[in-house]
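One structure is given below, represented as structure tokens, and several questions about it will come after.
Note that the chains take the letters A, B, C and D in the order they are written out, and that residue 1 is the start of every chain.
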């Protein structure tokens, strides 16, 4: 694309570059499904709409997943020039690492879809029937108890997923920015679509939107500065410019800093984390699950690419930043989680802490031949499944106001439902990094990658995970060792869709703890970014 | 005219926008401040385009404008729905989620 | 050197196994064994005694009179190799005969004495276990095996002292005995470790036939001495022994008079070769012996409890034995003979005392006795036999050896010889005095017992052993000393006696002097207690010496003030420190974490603008760090 | 970036050819399968769960015994082939991690000890869950019934982890067992414990976790610094770089083990956990789980970090001696009998630490034997306390007195147990304690003598407890105590019998332990000091 633009300035003829459509097929499939979803929304009668949307979404995601699977050996950048040109960089880089992350996003998104489409737990679905209706108005009350469901969320989700697919393979900062917006804008809306506690949901939506836009502005300004420095927003070009450009390094580092900030915001890394607890708490639970898993995968993918492709030459300059924000994330995530009373906020702080752990793995990403890259990819995958299942479980524990997320309501849960309590325990132990769960393997993997480069950071990370273990264990203590409260919540029986999602999450968590070999192998093989 | 001035102007506008986000209470105004930041970036892009002698920056400005427009749509929808519920567009009123 | 066991000797392990099995049967069989348990228990030592006699004659014919019986390899780790084995030599056989002989008599006595006690079976179980442990102690052929027996008798002693466990005083006394013994055990343990560290072995064969440097020999000797003091109730670990009288009387007779408490003397005699290499340790033994013998005498004066009098007497007599074995190569045998004689007469005295108790409804306060000689003639007669032997009446058992010990003390020469000699002499006088007091208060004078008490002579099962022991008290010493038989017998173990030499004081003069002192002591006591009626209540206005004697010269008070109280305080202080300090650091860390968490979470104000501020701050920090790193 | 194809070197290839390489896998899996079966029973099938668990645990004992009989004690040992029944299968190739099992003498006797303890604990806990609360509380009205099958399932699960942790010969696998073992014990304490069970369970887990995570750092460091691309212990021995790296790595392992053991001053979780855990759980916790710490010293700290071990040995020895005396004083000052028992164990762990870091065969063998004996002894002690508490419903010693009157057999068993705890000569505990002391003495005389004074304190805390509980006049409350029944006797008697038997004839066990300890010391490059005077000083014919 940039070649095209550049060419336009000097040569009057425009050569159409060739696009490897097969390589971007997953993106196209999801986008196509999303558009189809919009059409369904317009054309299919309300009664059929829900099933139609689910079909479109699920098939779209599965199709994309299959496409990713078929592409697994691909490594190319696209578009590519028809003639030869010495400085042409494809805006999209379809490479093994990117495909791994895309596959992860798609799988997690599929599970999130299943959670969103759960209708047995609550009349309708966890999603508000009509977001436009004023909260508390008679219409709102009527709709809240009606069977009416809202289906716009599915196309929104698909659009977000398409953004997430582009995000980690964008080789061009502008494209990355657009992907960022494409994934964010639907999420802002989705955050506000909770069926219950709509005020909170709307507030979450507003906060997420304002802060997200604020962060985008930083990203964009960084992009502009880098453009000024390198005369291109292609990552390889920026990398090359660092050796050749005569411009002031201030531009480079200001730009790098601001771009990183934009990405760290999405990944909910401290000190850019402050939206996370509020938004997770306010959002509909399946949406929070979607954000906590998929967004994280995508944004770390983007961060990896920026650092490895664009800035592996200045590793020593940005490494202190990663150290700093990693420590900040782990410490804030661990310590602030200790006194939380809402289980969704606990998971949010856990997510912040985990972002820190992932960053630990990321420290050595430019210097160790793919080990770090593989470890980060493995970590986001295992964490994604675990956290998604954990959020999904929250949907099952309910009282009259919807989900019972206050910790005190979880006490004695094992009496009521040993199964839910046991499953939650497995997930929490995984988050705490106890062996025989995927969390342990993930932690081991990232820490091993970082050990040589950042030994002290690993020790800090381990100590933080000990602190964080406190709040996971506290939930276990409550569920198993405490007496149930007076107004004990009820346990809803999930329908097939949520059951499938939850089972998958737990099975993956345990499986990756016992036999991680296949996925580790996959990550190792995929640990390759193409500039 | 040195293009650098435009860069300084752009930085100033960006900073004004950022500070505006921090000090203004009305969600619409906050949002406008963010738009101001985006437009400051546009100014930068165009300036750099000029400095670097390539058109890419100018094209990018269009992209940014488009994205900003999309953002407005979403943003106003969100602010609107909150306003209808709360009868207030103050961002400080949206303070249920905390600690 | 030693002969390997053969024939009858090779079954010597039965000496230990039989009573152990019997004890185990009695304890494990439960109520089923109530009917016949005591008979089994009493039969075992008799069988053992017979076997021991056979062994005695068998060994007597062996070359060198040392027979070893290897049993099995007990512990083998690296160079540390301990074989479980038995050593039958003159010293051990003398003890075996004493233990089984006197043991048999006391077992028989106990059948009668304990006949009304519901815990009789348990008693015999413990008693047999004691016999097994004691025999192991004397038969062991290395120090570690000895240690096992050493501790085994300690446990048996503990169990029997606290036999009436529902009495707090008995339980406490048992504990006290065990704790004091443990202090001694530290010494014994360290001694064994020293042996291993320096010699690589702990068998008598090696240790006793090695040249040690004076320092090492002294270190080992002092540590052994500490062990001996604990077991034998010697200063400064003596206070448990009088309290041990809480146990049934046969226990006091067998364990806390005749056998176990003399194990310290055995240990020193056994380790003669080590003590011979350390003059300082030997001097220490004599000092301890002298202090203890006087201490025992003085404390015995203050007691109104007949058994306590005898207990302090035991303390004092073992002091004599220590003095003897401390005096050196020639006197070991005298010490051992005194030990054997003491086994007879002290057992006789205790059994008589038990008989008195039995008659007086388990009351033991001498102030409540009086005039018992007519009611209990046999008991009285046996007590008198024991009394004569103990005070060293001419030709009675104690006479021969006590005289020799006093003589040897003077013969040591120098100032120390004089001091030790005079102490021993003084002790003889005091012994006569307190024993006379006890005799008079118990058997003479007006009867002072309460109305509900109807004293009567003991049954035959009790009186018969008493008579035998009484007779042995009178003539046993003569048998032991006659012709130097025992001395010669012991020579292979402890070396020959030195008969001739330069005497500091002419022996004849000294003998007469001793007799005079004894007579004076006896008369003095008679004058004080026999002439006038003994008050039933303790007189309150008494001299400081009496007051001190009543409180065993403040030894208990000292222990309580210096060891127990500070120990308890330390324990409490450490508990506080552990909870507040060590654990406090841990919980404090957790609390700090929680505190900082609840403070930090306030930063999450809920205002979107403050979030934006933190983001902006973070951004500035990130950029600043980047630039700082780059342009530093 | 295509250089990711890590070269994989087969580990312990020779070992996999040993015919019995699957034997230990079976042993590890047996209790796991049992646990899964028991967990899958219905809550109502409590009786079946008990019987099944007990049978499985007995089967494990038999299985282990067969392995022990098959164990070759005369084998010539080298670093590479120090494990018997070794088997190794790749688990995660990229991590260089193997599912690798194998036993040397040290591991074998500890496994034996653990599996013998489990059925005893089960017998002792047979009816302990019938009351609706912890043994020391009176059940609150309306308290729900606790799940018997879960308790027994957790016991089997714990057994699985215990066997695994002792038999793993891959550092990573060991770590997995080491950490995962916390979970079942956490549930045992938390679900079936006393009034402060939540606090105790949490403290236990977090404290251990902190240690475990520090160890994780070292485990990773081991991999990174040795460059061996394998976690098999035989591949790592001798490859850890000397100097500061080794010291740091050592500290990571050491802290984890010191917390687990626990060594003063990292001990404060144990009194809480030991006191709040149900008696059976406490028996396993203190009897077996804590041994993993001291086992780790021997298996990992010494061979992997010989230089650092020597560097830190004086400090550890001093800590051990402090622990012996300090914890003994604390035990004397306790009012809570289970806390008392926990503190006695802290003191005993001091002895074990002393033996290990004295670097003598006597010390090392003594320490391992000590672990075994202490497992039996403390297991029996906690079982006895459990029986007592189930009658008295109070952990406070002052609430008791004169129990021997009503329950003489119980008193006798308790006293025997107590005597084994104070290392009475004639019991196996004595043999081990003396070996430790004598082994220490040959190198560090002062420390050994100080430690020896601990035996006085041991007598005080044991007998003082016995006096306050069992002796003295019977109380109104204690007079009605039921004496132990056959089942309860059967729970303790085997342990006491073993303690007595091994006290008189410890040779079979010592012979198993000895070669392994020698090998360990060989890896630390230590030999026993020779007797100072040597055999030359022995004069034939005596000195007379």
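A few remarks follow.
By definition in this document, contacts are C-beta pairs under 8 Å (C-beta built on N, C-alpha and C of every residue); 3 or more make two chains touch, one makes a residue touch a chain.
All of these numbers come straight from a predicted model, not from anything done at the bench.
Taking the mean of all protein C-alpha atoms as the reference point, the chain centroid lying nearest to it belongs to D. Chain geometry summary: the mean Cα position of chain B and that of chain D are 65 Å apart.
Taking the mean of the C-alpha atoms as each chain's centre, chain A and chain B sit 25 Å apart. Separating the CA-averaged centres of chain A and chain C is a span of 79 Å.
Mean C-alpha position of chain C lies 37 Å from that of chain D. Taken residue by residue, chain D touches two or more other chains at 206, whereas all remaining positions touch fewer. Listed for chain B are residues 18, 21, 30, 91, 94-98, each touching two or more other chains. Residues of chain A in contact with at least two other chains: 206-207, 210, 214, 277-278, 470. In summary, the structure contains touching chain pairs A-B, A-C, A-D, B-C, C-D. Interface of chain A with chain C (complex): residues 206-207, 210-211, 214-215, 218, 249-250, 253-254, 256-258, 260-261, 265, 270-272, 274-275, 277-278, 314, 316-318, 320-321, 324-325, 332, 335-340, 467, 470. Here chain A touches chain B in the complex through residues 2, 5-6, 8-9, 131-132, 134-136, 174, 177-178, 181, 185, 188-189, 192, 198-200, 202-207, 209-210, 213-214, 216-217, 220-221, 223-225, 227-228, 231-233, 277-279, 281-282, going by the rule given at the top. By the touch rule above, chain B contacts chain A in their complex via residues 7, 10, 14, 17-18, 21, 27, 30-31, 34, 37-38, 40-41, 44-45, 47-49, 51-57, 59-60, 63-64, 67, 70-71, 74-75, 77-79, 81-82, 84-86, 91, 94-98. Those residues of chain C that touch chain D in the complex are listed here as 1, 27, 30, 72-80, 84, 144, 147-148, 150-152, 155, 158, 162, 165-168, 170-172, 174-175, 178-179, 182-183, 185-186, 189-190, 192-194, 196-201, 206, 208-213, 216, 273, 276-277, 495, 567-568, 570-572, 574-575, 578, 582-583, 586, 590. Residue ranges of chain C in contact with chain B, taken from their complex: 601-602, 604-609, 612-613, 616.
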